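Handing you a structure now.
Chain lettering (A, B, C and D) follows the sequence in which the chains are written, and residue indices restart at 1 in each chain.
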Amino acid sequence: MYGGVAGEAGRPVPLCRFFRINCTGEVNNMIVNMSEKATEQEITHVIERIREAGYQPHVTRGVERTIVAAVGSGRRHEIEALQVAPGVDTVVAIAQPFKLVSRQVRPERSVVEINGVRIGGPEVVVIAGPCSVESREQLLDTAHAVRQAGASMLRGGAYKPRTSPYDFQGLGLEALKILSEAREQTGLPVVTEVMSTEDVDVICEHVDMLQVGARNMQNFALLRRLATVNRPILLKRGPSATVKEWLLAAEYLLSGGNQQVVLCERGIKTFETEMRNTFDLAAVALARDLSHLPVIADPSHGTGKQSLIAAVSRAAVAVGADGLIIEVHPCPERALSDGPQSLDFAGFEKVMRALREPLRPTAVPRVAALSAQS
Amino acid sequence: MYGGVAGEAGRPVPLCRFFRINCTGEVNNMIVNMSEKATEQEITHVIERIREAGYQPHVTRGVERTIVAAVGSGRRHEIEALQVAPGVDTVVAIAQPFKLVSRQVRPERSVVEINGVRIGGPEVVVIAGPCSVESREQLLDTAHAVRQAGASMLRGGAYKPRTSPYDFQGLGLEALKILSEAREQTGLPVVTEVMSTEDVDVICEHVDMLQVGARNMQNFALLRRLATVNRPILLKRGPSATVKEWLLAAEYLLSGGNQQVVLCERGIKTFETEMRNTFDLAAVALARDLSHLPVIADPSHGTGKQSLIAAVSRAAVAVGADGLIIEVHPCPERALSDGPQSLDFAGFEKVMRALREPLRPTAVPRVAALSAQS
Amino acid sequence: MYGGVAGEAGRPVPLCRFFRINCTGEVNNMIVNMSEKATEQEITHVIERIREAGYQPHVTRGVERTIVAAVGSGRRHEIEALQVAPGVDTVVAIAQPFKLVSRQVRPERSVVEINGVRIGGPEVVVIAGPCSVESREQLLDTAHAVRQAGASMLRGGAYKPRTSPYDFQGLGLEALKILSEAREQTGLPVVTEVMSTEDVDVICEHVDMLQVGARNMQNFALLRRLATVNRPILLKRGPSATVKEWLLAAEYLLSGGNQQVVLCERGIKTFETEMRNTFDLAAVALARDLSHLPVIADPSHGTGKQSLIAAVSRAAVAVGADGLIIEVHPCPERALSDGPQSLDFAGFEKVMRALREPLRPTAVPRVAALSAQS
Amino acid sequence: MYGGVAGEAGRPVPLCRFFRINCTGEVNNMIVNMSEKATEQEITHVIERIREAGYQPHVTRGVERTIVAAVGSGRRHEIEALQVAPGVDTVVAIAQPFKLVSRQVRPERSVVEINGVRIGGPEVVVIAGPCSVESREQLLDTAHAVRQAGASMLRGGAYKPRTSPYDFQGLGLEALKILSEAREQTGLPVVTEVMSTEDVDVICEHVDMLQVGARNMQNFALLRRLATVNRPILLKRGPSATVKEWLLAAEYLLSGGNQQVVLCERGIKTFETEMRNTFDLAAVALARDLSHLPVIADPSHGTGKQSLIAAVSRAAVAVGADGLIIEVHPCPERALSDGPQSLDFAGFEKVMRALREPLRPTAVPRVAALSAQS
């Protein structure tokens, strides 16, 4: 029995077979902070457990309490679980949990190429198109219009994740065919959302890049499947995902074999109600600091407000985004989804022009003041 | 012309073909309340008229009267006109976007039966077991221990949604077989999480209830598949889902044909960092106010802290929860997942005892004060 | 100059005079995690800085990186600032930053007495009354009604913090006199909110307990002033305050000389929009775990919904709250503030009755199942 | 009788006396748009009528036309009747609860002048300096350095709001004198935080602009006092304040008589833990959409991370911020507060240079693709 505090008795530890195969070899330092009243026996127990878990224990005895570091490579969860061992106050992890996406592994920036368009290079790539493909005319009109205005890629939803089962759920295969035709007519590579492992093959046949939507960022079955396809993936950040969780979702793709991943910030859920989401532009800078993967931004979902798209698009470029993905519809007030945040063609042209305007100049200190110093 | 700024080119309105088919008319659900004396023939007439008007009819037969919901997109005015049809009492529009889950459709509370265990009845149902099935011994020991302490159902993860691809991902089919054996030995019905449409069939073969995890609450492909299975579903609230979005996720299940749905509050993500989540117990009361479905609570994920489980479990029962789902492990400090929030057997027994303790008494105003009035 | 990375050059460190007087003597262990590429020189610099800051440095050299612990008593902020020293990856604090409020300092629970009413003892204390004092009759009627129903203390706002300058701001001194009269008539001790240091004296003359409102939880000038008064303080948690920040606000009061502090959870701001706030009942349990101070709960602000007050009040008592503070108004639909969350007299009586009802029983495992085991 | 459930006792309605005086009629602000040709006499007549109706009149004279707002509580119908008065164009009710800060009242942007520096004009104003004034040398060195690098104003804390009572609380009056000396030496106007009504006078003597910190955004006693001083106010957004609440806090200042208000976004609290706050840059654009007041941004608190300051500062300018306030310290690793987010002198110069770099260019659609269309 493992019963009691720490499995002191007879029975062999049961978990090891599986674990050894999959999880050995993490580099992760952990700190176990003993409580002020921890006994010598409790400290010894922790030291032994750290050793069993494959780490080297390093003991630091302070005036009031003892700290035991788990150093090296071991089974991290066994240290995390010491949180509930007797005499332990807290357990703190030190290193970041992601690896392949990290700039520590790959300091130079990655470039993802989607059928000739390079995201992560010197230029900002603009992806535009309607939330949903609603009809052939709607999509083709939009495709020509956004290319005319300067977009390099086309977006359009075929399978729509809708909060209510009674809302428009997308045209499915019909939409994929329309997207494919739009690419032929305009030369714009196409990205569309994939919601289910069952749709992966048919989507790969018709489009150039697959998007994992915000609500599916932690749909791990889907991520594992997409790790094996020969298509670049656009991975949106979940509405309540930390930057760390977002990078770990990308880690599923890279560790499964697909290196062609572009991250996309699209706003997080907060208490603010004036905008659909809180557009976390600093997270774009942070994700680029932590990871070598390209990062783009979605000002349409990020704010949910047509009137703010131009300003926040400029901000996204200024903060370092490698691209933008913007919702454009021939007639937003008739859109079957996301009308309030979609731009019409003229509005989109205005945003594209705004991206070329210089930054407002910075004031210089007054001359009188400068002379005051001398 | 789609008018306005865009589409000046004289091209025909692009969106309409599709729209006419699916979304014509107002998208608005209606409820037709039949009178207590309505005949079968009158009910059948209403059902047919709803279908003709472009809605899907959903019939709910209560003890006293029958209600027919008109769900989807149709010609609303044709439903309104049913007001004067024989056997009809009233016709009302529903303000809330969910329908079949609403107490307006079904005022009496639903009871979901899982292989003999009734959730939503007069008694609180406790579901207990480890986060993950790690081995046969671990699971069987736990199953016997939690039944001994008073649990009515067993939980155990076979497929684990893990933030990092390097964390333990579950034993899969092997775990399902172990769960099945535990049920045979203990008689406890079993619930396990389903993460992918591809696993649905094999899971249905082995367990009694399927859980949709918090991260999959809006995995609509999964919800649509589960709407068609002959198993009750435990639907966890997403970490950033509003109560309304949670009920709409349940609506996917009910509108797709599966009425056996239990809701589960498991904490939401907020700025607070001392606990894993913020356990939203008021949402349990609110969900029970808005919906007839049973609602249970998960104090383990809700707080992430062993030391708080007893207190918040009592609170969950006090606020009206129809059940609790609690993580129990023979040795939490060796658990492969969720160790810090898992109880050992003694800890679980203590929680079960706490559920039987009376509420702390309320102070009465002082006697001196009372006499001061007279 | 302190210029450059770390003040290597000539000029004396400027900050020390002030700091030595005020901040010496914190017991706090810190961990400085060096980056993988840290040089020996950078490690040495950190070790020296830790020693200068009054701590003992303890070095742990791992396979890939070095960790330096700062052990003992020193100037914590100097270690925190090492975050930006060259070669440093992260700095982590270990111990909790609060002291006098902590159960580590005082394991037994504190009882705060307010003119004969004891909060923190074996009984739950109910405080009730209107959001604002609107008139003599309104307050006196309410005072008698809530005492009749079982409340032990009276609440009523004289100075109101209102989001808009155009909303009702309270009757001020007139309200204080009315509250004083109500206490004489009913014998109920009175609590009212204080918003400004300037009002402290006049409020102390008229009432028994002073409330620091949620928006003023970190109004440190006010806290410092209240630390010196001879009245118990009711300290509400801020709408975005962590439990730690809340306890540190209480620490201002205790460290300034006022030990008579009652904490009050009143809901935090989250993305959920159906309720005014997210009532964080687990935080009540956590605060009682971390601190010896009594903790009460405010279901009125916690949910903002009349219909949920009874359920969440029961939950608050079940989770361990030492008291409740509930808004009651003779006619909520005419209230000048907080109408939607105020109970009328009958509603309040119903809540008081609900507090005496037993918890719903727990189901027992089925007999068939039990026999299956043998 | 106040009717309904309560108040059956036949007692007279208690609330009315007070209500009649302060709150009679509907509380609803109205805007009277005078025609372009309105005479002074006609404007005066409208002002008098507004006063008679119980509102406070606030006159805004624009380039083309004059607007008179009716603010407060009055008899609305009397204002509506002004529709037919001579010189009046239209009378409209305002939906948003704020009035004087609104662009509906004043469409052109306001400029706030601080001792010669204009915020809200064509140039971006950079305010820089240490979190806290720690010593004369520290502040003077910093003042010279930031002016050299291009800052137009100096910041420095004298009274510090600190979460823990054991943290450095500021040098107080001594700091104010040092700030004053720095201004004399460099000519830079100075801004410092005011935490208490009691410190207002002494701070006004020494500095040019008073900052209301994030935690005091809803310290209404402080706002009311600052509405009466002859100094511009820098009003930071609270960590959990909506944009609407922030503008209503500004409304306290304007309605109390102080028109010289600059808003400052400094990050909000969310679940994200990698950064100190979530920097809400879209809120800068939104606040400028809703209000005529200048809006600046604080990238130091907004992110809490030195390494992100340059990127998010550029983004803030791109989104439309009228200025930046940035923490600079001679030696961040020795700072008494906010070290991890403070820049050293070289880091600040780098940020100032970054503000002059052009935006990254947008990719153009591929030529091959363009020809594919023809």
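The criterion applied here is as follows: a residue touches a chain if its C-beta (ideal position, glycine included) is under 8 Å from a C-beta of that chain, and two chains touch if they have at least 3 such contacts.
None of these values were measured; they are calculated from a predicted model.
Trainee: Could you find the chain whose CA centre sits the greatest distance from that of subunit D?
Mentor: The chain lying farthest from subunit D is B.
Trainee: Would you say B-C or B-D is joined by more C-beta pairs in contact?
Mentor: The comparison resolves to B-C.
Trainee: Centre to centre, by mean C-alpha position, how many angstrom separate subunit B and subunit C?
Mentor: Comparing mean C-alpha positions, subunit C is 33 Å from subunit B.
Trainee: Between subunit A and subunit B, what distance separates the C-alpha centroids? Give it in angstrom.
Mentor: 28
Trainee: What is the distance, in whole Å, between the centres of subunit B and subunit D, each centre taken as the mean of its C-alpha atoms?
Mentor: 44
Trainee: Counting only residues that touch at least 2 other chains, which ones in subunit A make the list?
Mentor: 240, 269-271, 273
Trainee: Using the touch definition up top, name the residues of subunit C that touch subunit D in the complex.
Mentor: 1-7, 11, 13-15, 18-19, 22-23, 26, 49, 77-78, 80-85, 97-99, 134-138, 141, 145, 161-168, 171, 195-199, 215-216, 218-222, 238-240, 245, 248, 251-252, 255-256, 269, 330-331, 333-334, 336, 344-347
Trainee: Spell out the part of subunit B that touches subunit D in their complex, as residue ranges.
Mentor: My answer: residues 269-271, 273.
Trainee: Which residues of subunit A touch subunit D in their complex?
Mentor: Against subunit D, subunit A makes touches at 116-118, 122-126, 144, 147, 150-152, 184-188, 240, 242-244, 268, 270-275, 278-283, 285-286, 289, 302-303, 305, 307-308, 311-312, 314-320, 352, 355-356, 358-366, 368-370, 372-373.
Trainee: Can you name the residues of subunit A that touch subunit C in the complex?
Mentor: 27, 29, 31, 33, 36, 56, 58, 60-65, 67, 69, 71-73, 89-90, 92, 94-95, 104, 240, 269-271, 273
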